[in-house]
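Report on the structure given below.
Chain nomenclature is as follows: A, B, C and D, assigned in order of appearance, with residue numbering initiated at 1 for each chain independently.
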Amino acid sequence: SLVGGSWLSRAPYEERFGPYVRRVVSRSSIPTRDEISMALSYAKESAVVIRRMTPFERAEILETAAVLAVERKEELARILALELGKPMKDSRGEMIRVADTFAISASEARRLGGELLGAEGWERGRGTTAITFRAPVGVVLAITPFNAPANLLAHKLAASFAAGNTTIVKPPPQAPAISNAVVRLLLDAGMPLEAVQILHGGVEVGSALSSAPEVAAISFTGSAKAGAAVAASAGPKRLVLELGGNAATIICSDADLDLAANNCAKTGFSNSGQSCISVQRIYVDSSIAHEFTLKLTAAVARLKVGDPLDDSTDVGSMVDDMAASRIVNWIDEARIAGAIVTIGGVRSGATVLPAVVSGPPIDSKVVNQEAFGALVAVIEFNDFKTVIQACNRSEYGLQAGLFTNDIGRIFYAWRELEVGGLVVNGSSNYRLDHAPFGGVKNSGIGRESPRWMLDDYTYIKTMMLRDISLWGDE
Amino acid sequence: SLVGGSWLSRAPYEERFGPYVRRVVSRSSIPTRDEISMALSYAKESAVVIRRMTPFERAEILETAAVLAVERKEELARILALELGKPMKDSRGEMIRVADTFAISASEARRLGGELLGAEGWERGRGTTAITFRAPVGVVLAITPFNAPANLLAHKLAASFAAGNTTIVKPPPQAPAISNAVVRLLLDAGMPLEAVQILHGGVEVGSALSSAPEVAAISFTGSAKAGAAVAASAGPKRLVLELGGNAATIICSDADLDLAANNCAKTGFSNSGQSCISVQRIYVDSSIAHEFTLKLTAAVARLKVGDPLDDSTDVGSMVDDMAASRIVNWIDEARIAGAIVTIGGVRSGATVLPAVVSGPPIDSKVVNQEAFGALVAVIEFNDFKTVIQACNRSEYGLQAGLFTNDIGRIFYAWRELEVGGLVVNGSSNYRLDHAPFGGVKNSGIGRESPRWMLDDYTYIKTMMLRDISLWGDE
Amino acid sequence: SLVGGSWLSRAPYEERFGPYVRRVVSRSSIPTRDEISMALSYAKESAVVIRRMTPFERAEILETAAVLAVERKEELARILALELGKPMKDSRGEMIRVADTFAISASEARRLGGELLGAEGWERGRGTTAITFRAPVGVVLAITPFNAPANLLAHKLAASFAAGNTTIVKPPPQAPAISNAVVRLLLDAGMPLEAVQILHGGVEVGSALSSAPEVAAISFTGSAKAGAAVAASAGPKRLVLELGGNAATIICSDADLDLAANNCAKTGFSNSGQSCISVQRIYVDSSIAHEFTLKLTAAVARLKVGDPLDDSTDVGSMVDDMAASRIVNWIDEARIAGAIVTIGGVRSGATVLPAVVSGPPIDSKVVNQEAFGALVAVIEFNDFKTVIQACNRSEYGLQAGLFTNDIGRIFYAWRELEVGGLVVNGSSNYRLDHAPFGGVKNSGIGRESPRWMLDDYTYIKTMMLRDISLWGDE
Amino acid sequence: SLVGGSWLSRAPYEERFGPYVRRVVSRSSIPTRDEISMALSYAKESAVVIRRMTPFERAEILETAAVLAVERKEELARILALELGKPMKDSRGEMIRVADTFAISASEARRLGGELLGAEGWERGRGTTAITFRAPVGVVLAITPFNAPANLLAHKLAASFAAGNTTIVKPPPQAPAISNAVVRLLLDAGMPLEAVQILHGGVEVGSALSSAPEVAAISFTGSAKAGAAVAASAGPKRLVLELGGNAATIICSDADLDLAANNCAKTGFSNSGQSCISVQRIYVDSSIAHEFTLKLTAAVARLKVGDPLDDSTDVGSMVDDMAASRIVNWIDEARIAGAIVTIGGVRSGATVLPAVVSGPPIDSKVVNQEAFGALVAVIEFNDFKTVIQACNRSEYGLQAGLFTNDIGRIFYAWRELEVGGLVVNGSSNYRLDHAPFGGVKNSGIGRESPRWMLDDYTYIKTMMLRDISLWGDE
């Protein structure tokens, strides 16, 4: 942990057991209650230091960090592979995205400004000139998840810094080393110590931080349940919550089936399906369902499962054995209820062989709950409007995919699907770090990607100049 | 109460005792637990009905309502005077603002749109076109306060409708008749029954509604304490909280003292000071403090106190005797601690004579807590930077006023004051219904005024078209 | 003519001969050289008067004018029918659009504002705060065409006034009465005399005005040739030029043929094709060309041609006999060159029977030049990319239509067609008064519709405050 | 010259005589009429090549160029000093700004996008969805001036490339080597040959290019007279014209006189006053005029005049002997008419000693015409409103300076001065490469700085999808 400008390095330590390598790979110092208080006081005082940096200074540091992230890509990707079982090719990809995220945040810092409002557009504003700008909220709390611990930390911390805030990071217990490494990278790039602290720990640490009055805004990525707890403890703070999903992807009869099958195979099992937008429910038009399922199964069969440190591996391990065990149980439950598992569904340690579950009952866990693991469910449909309703029959609403070329269906789905984002001719599992990302319903509130995060990490500050008119007073 | 399209009219009733006229002036039916559930289900179903109206249809209804609000001004202003003791001149002003608020909301409805994002501005976006629009969240809960029960209901309901949502209104127990009257006005203007329900009641009703999963966003105006309770019960919903304030106004030595004194007298006691931005703390440069206090006292002496139904009355009664009694007690406490009350500070029933409290200790209630009543405190200062810090020494941060012509001081204050809005050459108590309004710290989160409310009453919905480029693919 | 606040009413008069009613229907006073000079001086002085009105005052006048336009619809529509031979149903439609245009302009006036720029986003801006607003340019010259003389005058004059300018209108010689009537309507709505002058006349009047140094911006709608002359005489002024077109509409094999045929019949002959976006070239996929041509011919046969004052008439007369004669000649030229005229193509006076010219040579006038009359050419195509190139083989580039549901084709056409606007599942002849309208190549520069016109009728005025930072200076 | 992808290197050459070093320092090949035609055809064909690069590719090239500009700073600054007599410290500054301009342009390229418009906000838009984006115009002609030949070429070329266009550069005859060097730098950074051509020459070359139909937009910086000629020959093209100025700076009685005097001395004579916003007219409140003039004269006396290659030189030579001679004549004319020259006003070759001309008649050339040389005129004033009118009594309106802290005066001046930009507590001679820059009246039209240039280097392209609603159709 990094508290008040100093790295803690003393017991109690929490150790992280690498799920594929089957040994302890990292550890973190857990802060005491006093250290948490100290961190909060330090953040309060540091907020004004960061706010007084000019935006270009913050931008230049972030641009330097983008360069460093590329330079340290191999080293940090290896940490990701060790701590999480994420394959090197995905881990490297995550580091490239970290670099992008820093550069995008820098670009947003440079644009921070405001408006001169049309105050005299309505009669009561006669003789008044109103101007706004976006002032930093002060202290942001960033609670990050284990599945993309580098890039999501980068998003929250870089956007908060771009906005002119200091940030307290509460990383996931499963990824202490990579979290520390990303923070160190930013410090090496010139980020002042006052801009960031990192407090390792579990729910108690998170809860102590989220309920603290020093914190003005919270950015949380994690489960719906944990998000609800954060919201309840936070009280009146600005919240951005990126919670779970059981994302649907729809394959229409006019779709390019090879494209759809290969895309779903790839994006349904990257990071062993541990992504809130991973393809979980595939709805296929019944006229092409058989052919699609064959192609999908074949594509899944081509995925190489194994050692995350091996450059050719497509699918490594899940985060831990318990998660892997849950996924296998869910698959078995669906099988017993009548589903056909065309491939995969067994595990070794934390590694689950990618599973295609065809025809599961609509009330089975693989359909209704968030799987967050190496499975996809394939479900047939007959009618487009009906399948939209089926997709919406979920407590979640993050993203969806749709394979079709018909503009009527595309816009109908965009309008009627209860999701934050629709991907057309791609699966639900597609995210650009410079496009707004986030959900509705139990998938959360607010949007990530630096430009939109800045809206929540700043507040609009208005000045009204009375007896000052831009039009005339004579 | 208006539930599921029907007005309730049966016991139990809650009666409202007019604070000036000293008799029951209105009453409201309190919904049962079942009716609350029914209202929530009805809202859920109605959301899609309102969303499917086109924006121009919603805009036209709001424009019709703006016309009706002017037509019914006298009638509704009289209800405000009776229920709340608000003078007719202020009540009429509130109705004019209701009309403006409807027209401004209509204008925003007509502009609802989105963006075509520069998806190909970063490498990972190659070959993708991303488009967004703002989709309605569905069900908005509007919890309104007693001090401007018509215009703040108008803000929340009109902006929510403009955005395409259905709204549940929980009005203040002190203002049932005016709340019903504003809703009826909108229905008469053509707002569909599916667009609005009104559930009278107290904390229990509010809490049942704010914790309901059917509700996607809550707009609350009230005390900081009540706002915190709403936030805690709401969980992960989009919140706009407009809470309290003990607003400061600074008078520099170069100020126009007549302007400043008259403005503070008027805006410190309009609605008996019952406004979250009412002038409570006046910081005066010591070189002009004596002269300013004389002028202020003289200006306050010119205010006509009395029957709110009398057209010439400037100051009517407070909301109830308890509130008036509290204000008098606070003034007495300050007096005992050494302050000089240059005028006012006594009460008759709910009516408090406007009080100027000069030189109160900085730890007295009239300085530190939210007065929300007919008093202003006058405090001397010697140094500009120091007085900014004094203003910031408050748990609140809504608005501030500043009388000076010096551009250096003006921008310094804008930057350094911890508030949502600064009024220059006017007091803290100035609000335009078309400029962003809201606070920081315990004064809340989010901004009101229709344009900004629409940001919180909608969510960004993104579509990413893969293999569609606006630049080239050959 | 209205010059310097007074209506001229003396010889020399220019008379307008109604093309259908075959008699003089209106006349206009032509200003002398001295009166033109006077108008320019008056405009220069009046600019500051209009600029000093607050935007809400300008908006309220425009909103009143919107109401008046609906009230006077019948009367003004009749003038359109008499002066131009435009059928009453189209003339009424034009007046409804005039009303919309006023209301849309009012809405834009209310929003005039600016930006607080991120000056400190780049190092050289350290310590500077930059703010902009949009100041009126002063004097706008509006040169309007005969084909939609009410709505295009409304666009130019209302947008110019909304922006805070005074305007000199040079109307078309063919439509003096309707032009005067729209100006009178605005004056009756409260527009100050200083805001508008109207100078009738031909090329010499236009040229004297466009070359005058008092004029800061020119908005011209007319032919490409006349537009080039305006540009050459204007010198360094802001120009918005809406010039000609020979618009193409593409019908793909997946199109709804009934929709396409009926739409092309209606929008190819409304106002006898005298619109710069009228459907002139219809490119039809060869697999459906025969069927489409039959349907189109049948739909054209259903159009009622005749007296513009008759409520049931679809197609009235063209602007004059010479125009009608030219159209018939072009059709004959195409016929001789091998085209088949499936219907129409003869004239009586200024009335041309709607003509469908199937298979004209690609170098015939009906394909290559701007017809601006009652004909459409139907041409087959075999390949989508090739037909896009065929459409682009024109000196013009205003709008195009495309009938298909394929998202790939839609975005390809949007990207590759050299036009200002593409209408999907509609013909080229579709315009919303609140969406940007204008062309490329010889179809002009700039965009109409009030919001975009305001960009050209104002200039960005910047203020840079040195040693004023929104971030920090300590 | 660089034509059609190849550098010309053959006679006829035009030679450039270094104004300080008194020898030929560079030369350029002048294209023939055929080569001009070839360049135009090549541009037309290349436009589509550049448009098809994705924006991120263009951005990355520009970012590489920013790095190169810093690396080559010394070398290119030396060329500026030799060709133009510009002191090394200013020349280095110009190269730093070139780097910034490339980076700012890159940032704008990444943001190119559009809007989803509220088409259904007005009744006629029911059932339509409208989307826009900014498409490149194709071929941009950049005619650059001699006074900042590197940075203004950088602005025009980088912004045009960022927008997706190809550019033809017509550089000033006085600066062939630096113009070539900046183009080479961009090519070395990866800009494709199709993106740029450079055609040296004088008025005939410029005129042949500006009248060519292949050119869609022209960005010109130069004299008002030359700008008018460009406009007349261009016809209907999008024009950005940055023309002359005789900029005023106002010093009020409350100003910081040391700051004002030093700032005016520095910015009145940088580049020997050869800047369109150089301080030419200083209006001083009469109560402080004497003191200010003394301080200004003293500050000017501290400027080091001499060899531009010497690192300590503040003022080098003017562009040529004729320009220097003209300035000295103007000063003499003013002296004869009664002005007092407190310092400077003599010349040696092209070098003019910085001159302060106190009390010139208001009709003298140093007041009324554009000096563009090493002089400032000091004029007293008594009344603020009157001095604003005096400033406006100029055919030009580019920028102004104002030294005061009074907010009333500041906003009054912002509103009433007929200029494109006002600098507060700085002189007229201040420009940020990321803020809009440009004038009114004879100072031109349009705004430079990449973000605003992109508006003129692109056109809005609209797509209207009929029968597609974002709200509902059931």
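As a convention for this text, a residue touches a chain if its C-beta (ideal position, glycine included) is under 8 Å from a C-beta of that chain, and two chains touch if they have at least 3 such contacts.
In this text, all values refer to a predicted model and were calculated from it rather than measured experimentally.
Shared contacts of chain A and chain B, meaning chains that touch the two of them, come down to C, D.
The chain with its Cα centre farthest from the Cα centre of chain B is D.
For the pairs C-D and A-D, the count of C-beta pairs in contact is higher at C-D. Of all residue numbers used where chain B meets chain C, over half belong to both copies. The two sides are thus made of the same residues.
Distance from the chain B centre to the chain D centre is 48 Å, each centre being the mean of its Cα atoms. Taking the mean of the C-alpha atoms as each chain's centre, chain A and chain D sit 45 Å apart. Here the CA centre of chain C is 35 Å from the CA centre of chain D.
Of all residues in chain C, those that touch two or more other chains are 110, 117-119, 121-123, 125, 132, 135, 407-408, 410, 414-415, 424, 465, 467-472. On chain B, the positions that touch chain C within their shared complex are 107, 110, 129, 407-408, 411, 414-415, 465, 467-472. Here chain C touches chain D in the complex through residues 97, 100, 103-104, 117-119, 121-125, 128, 130, 132, 135, 137, 216, 224, 227-228, 230-232, 234-239, 241, 243, 410, 414-415, 419-426, 430, 432-438, 440, 442, 444-447, 452, 455, 459-468, going by the rule given at the top.
Those residues of chain D whose C-beta lies close enough to touch chain B in the complex are 48, 51-56, 59, 109-123, 125-126, 131-133, 135, 164, 405-408, 410, 424, 469-474.
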